[in-house]
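In what comes next, chain A is part of two complexes: it sits with chain B in the first one and with chain C in the second one.
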Partner chain A sequence: MGRVVGRWFLTALPVVVVVSMLTFVLASLVPGDPARTILGINAPQEQVDALRQQLGLDLPLPQRYWDWLVAAAHGDLGRSITTRGSVAAELAGRLQVTLSLVVLGLIVIVLVGVGLGLISAIKGGWLGRAVDLLSLIGLAVPGFWLGLVLVAVLAVAVPIFPATGFVHFSDSPTGWAASMALPVLTLALTGTAGLAKQTRSSVLDELGKDYVRMLRARGLSERRVILLHVSRNAGAPIVTVVGLLFIGLVSGAVLLETVFVLPGLGSLTVAATKAHDIPVILGVTLILSFVVVTVNLLVEISYALLNPKVRT
Partner chain B sequence: MFTIPRGRPGRRSWATVLALTTVTALALSGCAGDSDDQPTQSSGGRAPLLTFAVSAPATGMNPTTVNTAFASYALAAYEPLVYFGPGGVYQPALAESWEIAEGNTAISLRLRSGVTFADGSPVDAAAVKASLEYCGSSASINALALRDLDSIELTDDLSLTLRLKQANPLLLNMVSQELGCGMIISPAGLAQIDDLTVDSPSAGAGAYVYDPQQSVPGDTYTYTANPRYYDPSKQHFDKLVLKVMMEPQAALNALTTGQVDVATGSLATAQQAAQSQSVEMSWIPVVWAGLNLIDRDGALTPAMGDVRVRQAINYAINREAITQAILGDFGVPTSSPAAEGYDGWTAQAASYYSYDPTKAKALLVEAGYPDGFELPVATVAWGGLDVVTTALTPMLAEIGITMVVNTTTDEKAYADAATNRQASAVAVGYGSLPMFRMATDLVLPEARPFNGFGTDDPEAMALLQELRLAAPEQSAERAQALNTYLVEQAWFAPVMFTPILIYYRDGVTGVDLTGGRQTVSILDVALK
Partner chain C sequence: MIGRLLRKPLAVASLVWVLALIMLSVLAPLIAPYSPDQQDILHALEGPSRAHPLGTGVLGLDVWSRLLYGGRVTLVSTAISVAVYALVGLPAGLLAGYRGGLVDKVVLRLSEVAYAIPGTIMVLVVLAVRPNDETAAMVAVGLLAAPALARVVRSATIAVREELYIRAAVLSGLPDRLILRRHVLPTVMGTVIVHVALFATTAIVLETGLGFLGVGTRQVSWGELVAEASRNLGNQPWLLAPSGFVIITFILAFGLIGDGLRDANAEGYSVRQRAPRPVRRHRPPAAAAPPNAPADLTPNQRVIPAADALLAVEGLSIAFEVSGQIVTVVEDVSFAVAPGELVGIVGESGSGKSVTVAALLGLLRGTGRVTAGTMTFQGRRFDLADVKSLAGLRARRIALIGQDPMSGLDPAFTVRHQLAEVLKANTGLRGPALAERVLELLRAVSLPEPTAVAKSYPHQLSGGMAQRVSIAAALAGQPDLILADEPTTALDVTVQAEILDVLRSLGKAVLLVTHDWGLLVDLCQSGIVMYAGQVVEQGSVADIVADPRHPYTLGLLRSNPYFAQPGRPLPAIPGLVLPPDRWPAGCHFAERCPLVGPACLADPIPLGPAAGRLGWTRCLFQSQVAGLEEREARP
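Let's look at the complex of A and B:
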């Protein structure tokens, strides 16, 4: 276990730095000039140049990145080019919204997806075919579109849930639950079937192995065979999928936050990208990189717990 | 302990699941239409809340840096010297009266007495001078508004005179909220101007005060009524919330379900909004889309130096067909850059060029181009301008003009393409303005990027000079003369006016877009 964590520490930091550097380079290569965006299309070029100098945009790219990296290492993520507000302050408020959405979505997906997968593997028949069909639909239907449909049906036509907005849990637990209902449902509907299919496939693989036949021959009940042995061995690939799913959900949240007007990192990223606001883009990248590498660590720890061979 | 159920869930299990789901849904639905969000009229005459959905986040809380297309962010908290009000009428605000010098080279303002900023400091002539001087010298989108400002003289504590380097017939516009600089920042705000961001309270004398504690920059901007505001009768709400909704469908959904009271509309949802029973709509066709025929001296494409060729281009365009195809019922065909409601507009100029390919061909023959020519055109991949360019291509091809289109993707590339003399025409989307402002942007030889070849037309300059010096009662006539000249000389090939749309719920007033106002002023919005 210690080796797993140690390896993570050795790789996580370089990964985050490389990702932030790539993001900086790519964002800088995107056509457009933040100074021109701020001042408008008919501002004189001298004024644009003056603002570029004021914002440090006239410096060479390596120097700009290095300055940002050094400041970030000291906890200073700089100021937004467009709003001049603190990037760290802006990110802090938004991270919890995105994490609420993604974590809640993941919990629903894991509970329903693993449950459905197990049941369909054991029972087979129409349930198995239904899981296959649903996973295909889940993969094919864009979350953005599904979100709009759910709002049209469950918020506009039949006003059960709010169409947009976010309520903090501390302000109103029921309001928070209501505001998260449709976004989480959207994430769950697009992600559950895939996990269910993976679970079903993994469990069926395990059920066909010799050790299961041996356990049954020894007279163990089916429940014990599945719960104590099959589910444990089938767990490793499922955990991998859950890890990837989490990262996918973060990406999906970018568009969903715009549909449901949630003040998370996704909507911030969209606005910052439109405005060529590189400090904000880098801040979001940094935070999400940490989230992703942390999730990868959790996946590896789960592996180690599920499979003793990994611990050595 | 986790157990795997044997057999299928029984009827009782399903019933339990259904009941739990229903109870949860009902519990949550109690929150769907939270009554606290509804702006019911309070007994004191002021409603508790107005929620306004806007399509882009604030670019700051400094009125100098706020894009005036989203002026409400600043206007709520920063009172202007003069208020550009409903119907395009200028009203007293911080300035209770004004006098414009003959020749439009100076304006004297008399400030209200006893008015204070939200922090309690007095709004006096010195504070106004400092704010204007800061705005004019700042690196901001609105600094251009004061480029003609020469000096500011203080007559007494409450009187000041702004003198210009050259005449400007829109002096009142200059000191109103329309150009940003007219919204005055307090001395304390100016002293810490770099901190005047979305993370800090506003520093104006407006009807409301921006409250960062109740705001999430980029998502929700909250303002509370300013207790020191000089005219409480103009404060229609205890609290204003500007909610960013970048996705047009989300804004319409929020309005339909009562989560917001007013929303910026979009062409993508206009038809749906028009058919909705619960949504009212106000719209104004004001942003002209078409071609800017910049190579008027024929420097790159010699044919474009002949006015008959530019007129032929205008006659070749079937404006009605393009407008109907792209905008449906929400657009207006036009030959003129000045929209109805603005000083330069005349019905004759608006319909000056009918669709007449035969006449267009005849003009090309007359100009010596019977076989047509190649026309390099720069367009942009946003705002639907590339679609307009595509629609124009076969129409110009019909009279022998082959458009060679270069599509740009951002403001910088567009500005470069419009000024690097590689394109003889540039696609343009331009919100109509008072004629003097349009001429400043489009006609002056040094105007960039919209006069990319620097056309210097003595007749146009003479008409502009007349407009510059015109007394208020002559201004519209001079504006129309200039606009008519530009249309006749085919400086542009406008196709249509695209709309600005506002959606609002029943019972909301003050959202009409009239008299040359392209944005709803949040200070006018009220409840019946």
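Let's look at the complex of A and C:
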């Protein structure tokens, strides 16, 4: 555990810092004066200058970045230009929504995708072709469009689920489940077949290997050969794909939160983009790169656990 | 590669569709019945009609016209990001892979950074800074994805750089620029094109997503049409259909082109295929017993009395399905093994010897199936096509030792785990007795440090150690017969000798597959010579070596270094083993045989008794084989 934390500080954290630096520099290119934007066109120049000084906008860029980074390390991400509220507090609430959407989606995708991939690898035949076809459709159908179709069918035409909106788990668990059902279903429909295809090809790769034949020759049951040995060896490439999938789901969530009007990080980013709310944008990038880097590290660790060659 | 792609109907249809969409968008001002912002208030939000073939949106805007104009945005944006992706990723990958060093490190670090940013978020950052500047956003999309391409190109380039012809080019002083352009680029180009096609699908999804969110261009776009549909889901869900159709089919087309390119690229690297020739329908196997053989004897019973036989295989035939055709690879093979006897099967690669052995445990690979044959083992009769009942013999009665010891062990588990697992599956041992037995097995195969080996993973073992572990695993079930499929081929000569000692010391019956006469002579009492799926000669090893009765046996013996004569060149058998789908009706060896006559070509040659000594041969001219040897031995 100590080694894992050490790795995180040594390799993952610097990446996050670089990403935040890039975003900061990029954001500083925003045309116009944020102070002017906040105060409006008619505000007197003295007032604007005062706000610039207050916001630190008169300082040189490296100084501004350093101040921002130090504050961020203390959990202070500044204030939103539009709502004037604390960015950190806003993000904390919204991260929950996004993460619950992505994690639920990932769980469904992994369970169904890996299961389907394993079965289609062993049984072969039409199931394998179905997985290939479905993965192509999963690739081609954009999540936001599919989400809208699901809303049109399962919420508008046949009102089974609420079309949009979000209910907090603490308010009503059933309401929460209902509000998450369509977004999670959308994520699952777009991601499952791809993972199933990857699983199938990894499992087929392993099944063709010599050690599988030798394990059979040594009198092990087919169950044990597949569930223990093949799964373990096919697991390493699958874990890598799951990591990439997670990052893809975060990107997909940005659009799905807009489709389903969920108060997550994605819809916040879209709103902030439209309003040029730079502090919020910087905060979102920071938090999400944190999440992504941590997930990548977890993937790396599980890969090493599954593959002794990497470990020793 | 393009030629191969054009032979794939799905890919061609996709190409046509992409070209059609491009044409329609380019010609939009000519084709579109309305301008994209022409209103028809009286017919707002209607389904398809004569005036509006795809219906109308809010304010009666014509969907068909807007679709045509909208395509321009998506196409241009996709093209921009694809261009950036390729123009940045390709050179960066080439340089990183070819030069290595600092450039390589920088590219790898950058790709790590790019992996840490969810793409959509970063594109939104760009759009926050440059509102509605879709070009900037799509450039960012290309830049963010370029490191991934660079990584792919980098590994491909490294692989090419290691090739001898590139090293030769470098040594001959060809400038790097020229080497990259003439030699490296063409080889990695296939991979790049595949990735570009697949990246295009991502770019389209992102572009339409931006349009949907309303943060992209202010012009009409496909994504914006979806957004319009989303605002009118309640009263006109039809609006989802036209925009969804073009977006999905456009992405699908690129996906299919990518798949097609990948296949075409892979085919380009595979071995050049032989011109397709008609596969001869397999004729029914020849009569199970040679006509002139006494009916109550199996072929090598004169070497091993039948009553004592531990294993007797009769009439084994094996076929594989190759692109829809049934191809027989082993024909009517019969032999026997006495308890404690060491029997060797010898032959060139492709003679069917390994398949024969695998069939005894029901372990044929892929589409392989036993089409005929039975086996009597310890007095019990088995149908060799019945894999289930053969599986019951595995490990506890008949064990297998494989050719490549390394790949025969599961890389993910320790030796201890794998041996314990085999013991648990085949014996009642549990707990401390099990742990002790694992070490005992490792000692039995003369591994010097059993405890250390037990803790190791396969990749930490040497080839010889791994093969000893395989033998230990084969011994775990206390089998009565060990099938050893080229057990020493992958090992050093000194290690080979040690492994053979281990095999000999076991005191068990061994059926050894080998192409090495030295091994056969050292280890085995009986020998079976196979050629092109058939037994061509069998008998005692001493007889076969001293007095071969088949020209193939003679050729094999004379081409073996083990029997080389000092000062004489080592003769080789002319020609190659024919692939199974080209075996002739007559003698399989006819094409390469110095004794071949008209009688050899017409009908299958039966296995007949050797004249004047024990053993069997499948040659009509067995008496002339000895003369052949003398004739060629003359200077």
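Note that in this section the second predicted complex is superposed on the first by the 275 of 312 C-alpha atoms of A that agree within 3 Å, B and C clash if a C-alpha of one lies under 4 Å from a C-alpha of the other, contacts with A are read in each partner's own complex, and residues count from 1 in each chain.
By definition in this document, a contact is a pair of C-beta atoms (placed from the backbone, for glycine too) under 8 Å apart; a residue touches a chain by one contact, two chains touch by 3 or more.
None of these values were measured; they are calculated from a predicted model.
Colleague: In the overlay, answer first, second, both or neither for which of chain B and chain C A:L148 touches.
Modeller: Both chain B and chain C are touched by A:L148.
Colleague: Who does A:L227 touch here: chain B (first), chain C (second), both, or neither?
Modeller: Touch status of A:L227: first partner only.
Colleague: Pick one for A:L189: touches chain B only (first), chain C only (second), both, or neither.
Modeller: Neither partner.
Colleague: Quick check on the superposed pair: does A:V102 touch chain B, chain C, both, or neither? Answer first, second, both or neither.
Modeller: Neither partner.
Colleague: Looking at the overlay, what does A:T258 touch: chain B (first), chain C (second), both, or neither?
Modeller: both
Colleague: Applying the touch criterion given at the start, work out whether A:L286 contacts chain B, chain C, both or neither, answering first, second, both or neither.
Modeller: In the superposition, A:L286 contacts neither chain B nor chain C.
Colleague: Would you check which partner chain A:L91 touches, where first means chain B only, second means chain C only, and both and neither mean what they say?
Modeller: neither
Colleague: Contacts for A:V156 in the overlay, against chain B (first) and chain C (second): which applies, first, second, both or neither?
Modeller: both
Colleague: In the superposed arrangement, does A:T273 touch chain B (first), chain C (second), both or neither?
Modeller: A:T273: touches chain C, not chain B.
Colleague: Go through chain A and flag every residue that touches chain B in one model and chain C in the other.
Modeller: Touching chain B in the first complex and chain C in the second, residues 31, 148, 151-152, 156, 163, 258-259, 270 of chain A appear in both lists.
Colleague: Per the contact definition, I'd like the list of chain A residues that touch chain C in the complex.
Modeller: Checking each residue of chain A against chain C gives 15-16, 18-19, 22-23, 26-27, 29-31, 136-137, 139-142, 144-145, 148-149, 151-152, 156-157, 163, 208-211, 213-221, 224, 229, 232-233, 247, 250-252, 254-255, 258-259, 266, 269-270, 272-274, 276-278, 281, 284-285, 288-289, 292-293, 296, 306-309, 312.
Colleague: Which residues of chain B touch chain A once you look at their complex with the stated criterion?
Modeller: Residue list for chain B touching chain A: 2-4, 25, 27-34, 56-60, 62, 65, 67, 139-141, 143-144, 194, 197-199, 216-220, 243-247, 249-250, 253-254, 256-257, 259, 409-415, 441, 447-450.
Colleague: Using the touch rule from the top, collect the residues of chain A that touch chain B in their complex.
Modeller: 31-33, 36-45, 47, 50-51, 54, 79, 82-86, 89-90, 93-94, 118-119, 122, 148, 151-152, 155-156, 159-167, 172, 174-175, 177-179, 181, 223, 226-227, 258-261, 263, 267-268, 270-271, 275
Colleague: Quick check: in the complex, which residue numbers of chain C touch chain A?
Modeller: By the definition above, chain C touches chain A via 112-113, 115-122, 124-131, 201, 205, 208-209, 212-215, 226, 229-230, 233-234, 237, 240, 243-244, 247-249, 251-252, 255-256, 259, 358, 361, 363, 365, 391, 394-396, 399-400, 402, 404, 407-413, 421-422, 425-426, 457, 459-460, 470, 473-474, 476-477.
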